[in-house]
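Single-structure report; data block below.
So that you can tell them apart, the chains are marked A, B and C in the order they are listed, and the count of residues begins at 1 in each.
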Amino acid sequence: MKPGLAIQPWGNYSLALAASVECLRVEPWTQRSTTPETLRLGVEASPEFACLSFKACTGHFIKAAQEGVRYGVMVNSRGTCRLRYYREIQQKILKERGLDLYVFGLGYDGIKPPLIRHFDPDLLPFLQCCARAQQKTLAVDALEKEAWRVRAVERQPGDATRVLNECLADLDRARTVPEIRACARTFKPRFRNVPLDEARLPLRIGLLGEATLLRDRFLNHNLEEILGGLGAEVRNFFLLGDEMRNIFRIGLFSRNSRWRLKRLARPYLEHLVGGHALDSVAHALRCAQEGYDGIVHVAPAGCMPEVSVRPILRRLSQDLDLPVLECSFDEHASHVGVVTRLEAFVSMLRERQENKTRTRK
Amino acid sequence: MRTSLATLFRRTRNASRNPDSLRRPIGLPQALFHFLHPGLWETFFPALGMPVVRSAPTTRATLERAELISETEHCLPVKLLDAHLEDLAGRVDRVFVPRILSLRRGFISCPKLAALPDAVRAQFRGRFEVVTTDMDENRRPLEQTLAELGRALGFAPADSAAAARQALAAAGAPDAPPDGKRFLLLGHPYNLGDAYLTEPIVRKLEELGVAVERLPTGPPRGAPDPLRWDTSAHMLEALRALSSERCAGVIQLTSFNCGCDSMASTYYRETLKAAGIPYMALTLDSHTALAGLDTRLEAFVDSIAGRA
Amino acid sequence: MNGSFYLGIDVGSISANLVLIDAGAQVVFADYRRVDGHPLRAAQTALAALQAACPQATIAGIGATGSARHLVAAALGADIVKNEISAHACAAIHVQPDVQTVIEIGGQDSKVTIVRDRVVVDFAMNLLCAAGTGSFLDAQAQRLNLSIEEFSRQAVRSARPTGIAGRCTVFAESDMIHKQQIGHRQEDIVMGLCLAMARNFLGNVCVGKEIRPPVVFQGGVSANQGMRRAFAELLKCEPIVPEHHMVMGALGAALLAKRAAPEASRFRGFDVCERAIDTQAFTCGDCANECEVIEIVDRGEIVGRSGGRCRKWEGRAGPR
């Protein structure tokens, strides 16, 4: 039997991450989102004031270890925020609880990341595997964009999510790069079959903030679908495709390259803060330029980088007349409260939209 | 819209070169970065010929204002900075808020400090200008930072360099620790340095008849192992050097919502456990109930006395 | 009674409020009662009280709001379901057209809504902390052995309010006990609590919001004289407490129903108050979240569902 390897849940990207470790001759163990059980495990084991992302991820590893998984992998951020210490503290927590799961860091020390050194894959399968993972990531990105658009105007609530899930299941089965590409080509036609309410004018809402929360539909209380159901076309600004380009420093001139974002954010923020805080400011400015109706800023409660830029987002919101809803999440956040807030935000934006069209007439 | 905003910010950055306006007073909040380099800025600006206006020391009213005007999820030191800045608004037309990125080569500062000048500008726009500089030991040493700041403010290179040297000399050496077995008060310099926050604790410990040493301010000495946040690494280094013969116990002052401490405490606890030194963390926030603190301190000291 | 009437019902975690307005948007009936853990039953009793008071009224439209809005809407047959932030703002704008700020503090939550030119431009709701809500005040009054009315009267008498920590329930409680022990007068402690709570609200919920007068203060807590005084002192302006301050959410829902003016109301008739409407829960197994979904059963038929993190069950009637 192949050894198991636990990978942090990261929304629909989880399947792309799982594909990336195939060449290591391991069985990937992951979930599409945190579950109530893993969150509970994580909250019990983690330091009280650690951020929600840490608690969720820790719970995920504990659950994996309980199911007999021996290895895990965690990004080893070189950044300035708490993410940098996740792996090491998680390892300590697992050890204290007598759980035998070794968490590899994804950073480089020497020539190869320790994970690669340990499992030592052959070069050709490794490269193929990377290509597949990259293709799957891009396919997920494309898929999400379709779902955001369709969900806001679907006639039957839930259609877009159903098609999304079907597509994801097919994508998960696709093995080779041509298969993945062929699968990705079917996405648009499939969404085209969803009956739409053409009369509805969707609001456009940008989602920005901390990456794990933006992507984990359990932790963010299913923000995307709630907003979609209220007739808002969301755009989630965390796209792993863009992020990978930034990590590997390719596509320097692409729309979402670090360099571009820094230039964009400059009037409001002159230096990187850490995490995705600068991205949040830059994307908020972009939302204003592109005429979005509002933005939702998502962060775990007390998130060091994202909380630091809140006063900036507020100022920007006033200057550019772009409503911002600040959403902090911790393990106590009530779902009813989140829904109420989102509904109120959408109805406020609707009123603004109606006033604007009225004055235009 | 974008360009006009950009120019607005540029203008705030470079003070005008008119000699009279060169010597306009500058506001220094007695919070946060003030405690990272005690005495430094109070010497540097007057040495350039810029009068300094300080905010009033923290009081109960400062804490209440902090809680009202500052971002809810910030830690206490950043909230206090906002209240101190508000105190300066109306008294000066410019204040100094550095962007602290690293206090020592190889280390980094808490990420919240990296956004400070921009966040302060956003929050207090129209009430004062923000003078800032990047303090990044990974890029340039402090002396150079100071000299370049002087030049950017419009002063001659020679004057700027002289002021920088004077300021560095003034940044004082720490007090000698008390003799004998003692308690260590652990915390970030901006928590330990603010008398309003630590006074009740120090007084209570004195009442209980125990000797206390405050962790001296300073950058870490070694390499990041594993903490890379400078003030946290400095705290961990100090704890690793403790022995149970000299240290009766460690009391950590942490502020509610401090991201660094939420992670680093794992290491502090582990280190002290291995050394056999009792450890207690007190969480500070703007409403800290003193009754609760007293009781906890007494219980902690008693438990150690009982153990000895 | 003739003409068409609009009904607004606001069922939250603590209270169920009901308001009937006439075609001229005048309140003809208002009812306020505690939920005591049974939101549906409370809504039914309120409706029965309405029927007893105005048996002739024809209901032209119903609006439901409050955290149990979906449940109540399915059970009674509401024409419009609106979140309570919008409903409260709508009512405040109706009674005070030049309102700039609406402060609403209820049993379990507190909100601030910023209004400009009769349009909501910003709002915030208490996120992570329950210290600034009505149930906190209730608990403290109980601890002091005071009825909430006596609590309110005492607060007004205080000359030198005691400083009390208010960040979180636990802190405030321990600090209050400490202050009692060192001999502060009770009325000063009571007012101190009100000030701590108002300060906590302004610091937590209103941070970054521009609070301009006129300020309308409504919700269950606005009945408390001490809280009115605390906001007046901290905001340096007298908050306006509307006549129907306890039932503003329901009033807003009724106004929204009137504005929507349904051709034929979906109201299922006054006899819903006598029927044994039941709820049953089931666990949706479609994903790993395993959400609890509530089904509303009326005479063996499922008339609606609510709950779950995805929206697929929301309001859906009929078999699973």
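Here is the rule we go by: contacts are C-beta pairs under 8 Å (C-beta built on N, C-alpha and C of every residue); 3 or more make two chains touch, one makes a residue touch a chain.
Predicted model, so just to flag it, every value in this text is computed and none were measured.
**Q** Averaging each chain's C-alpha atoms to get its centre, pick out the one most distant from chain C.
**A** In terms of C-alpha centroids, the chain at the greatest distance from chain C is B.
**Q** Could you see whether A-B or B-C has the larger number of C-beta contact pairs?
**A** Looking at A-B and B-C side by side, A-B shows more C-beta contacts.
**Q** Compute per-chain Cα centres, compare each with the mean of all protein Cα atoms, and return the closest chain.
**A** Taking the mean of C-alpha atoms per chain, the most central one is A.
**Q** Taking the mean of the CA coordinates per chain, how far is chain A from chain B in Å?
**A** 34
**Q** Go ahead and note the Å separation of the Cα centroids belonging to chain B and chain C.
**A** 43
**Q** Residues of chain B that contact two or more other chains, please.
**A** 71, 256
**Q** By residue number and range, which residues of chain A touch two or more other chains?
**A** As it turns out, chain A has residues touching two or more other chains at 301, 310-311, 314, 328.
**Q** Two or more other chains in contact with one residue: find those residues in chain C.
**A** Answer for chain C, listing residues that touch two or more other chains: 127, 208.
**Q** Name, in rising order, each residue of chain C that touches chain A in their complex.
**A** Result: residues 67, 82-86, 109, 119-125, 127-128, 208, 287-290, 309-312, 314 of chain C touch chain A.
**Q** Can you check the complex and tell me which residues of chain B touch chain C?
**A** Chain B reaches chain C through residues 60, 64, 67-72, 256, 285-292.
**Q** Which bits of chain A are touching chain C when the two form their complex?
**A** Answer in residue numbers: 31-33, 35-36, 157-158, 161, 217-218, 221-222, 225-226, 229, 301, 310-311, 314, 323, 326, 328, 330, 332-333, 335-337, 339-341, 343-345, 347-348, 351-352, 355.
**Q** In the complex formed with chain B, which residues of chain A make contact?
**A** So the residues of chain A in touch with chain B come to 47-51, 79-82, 84-85, 88-89, 92, 266-275, 277, 301-305, 307-312, 314-316, 319-320, 328.
**Q** Which of the residues in chain B end up touching chain A in this complex?
**A** 1-2, 5-6, 9, 71, 73-74, 99, 101, 108, 110-112, 114-120, 122-123, 125, 134, 226-228, 256-259, 261-266, 270
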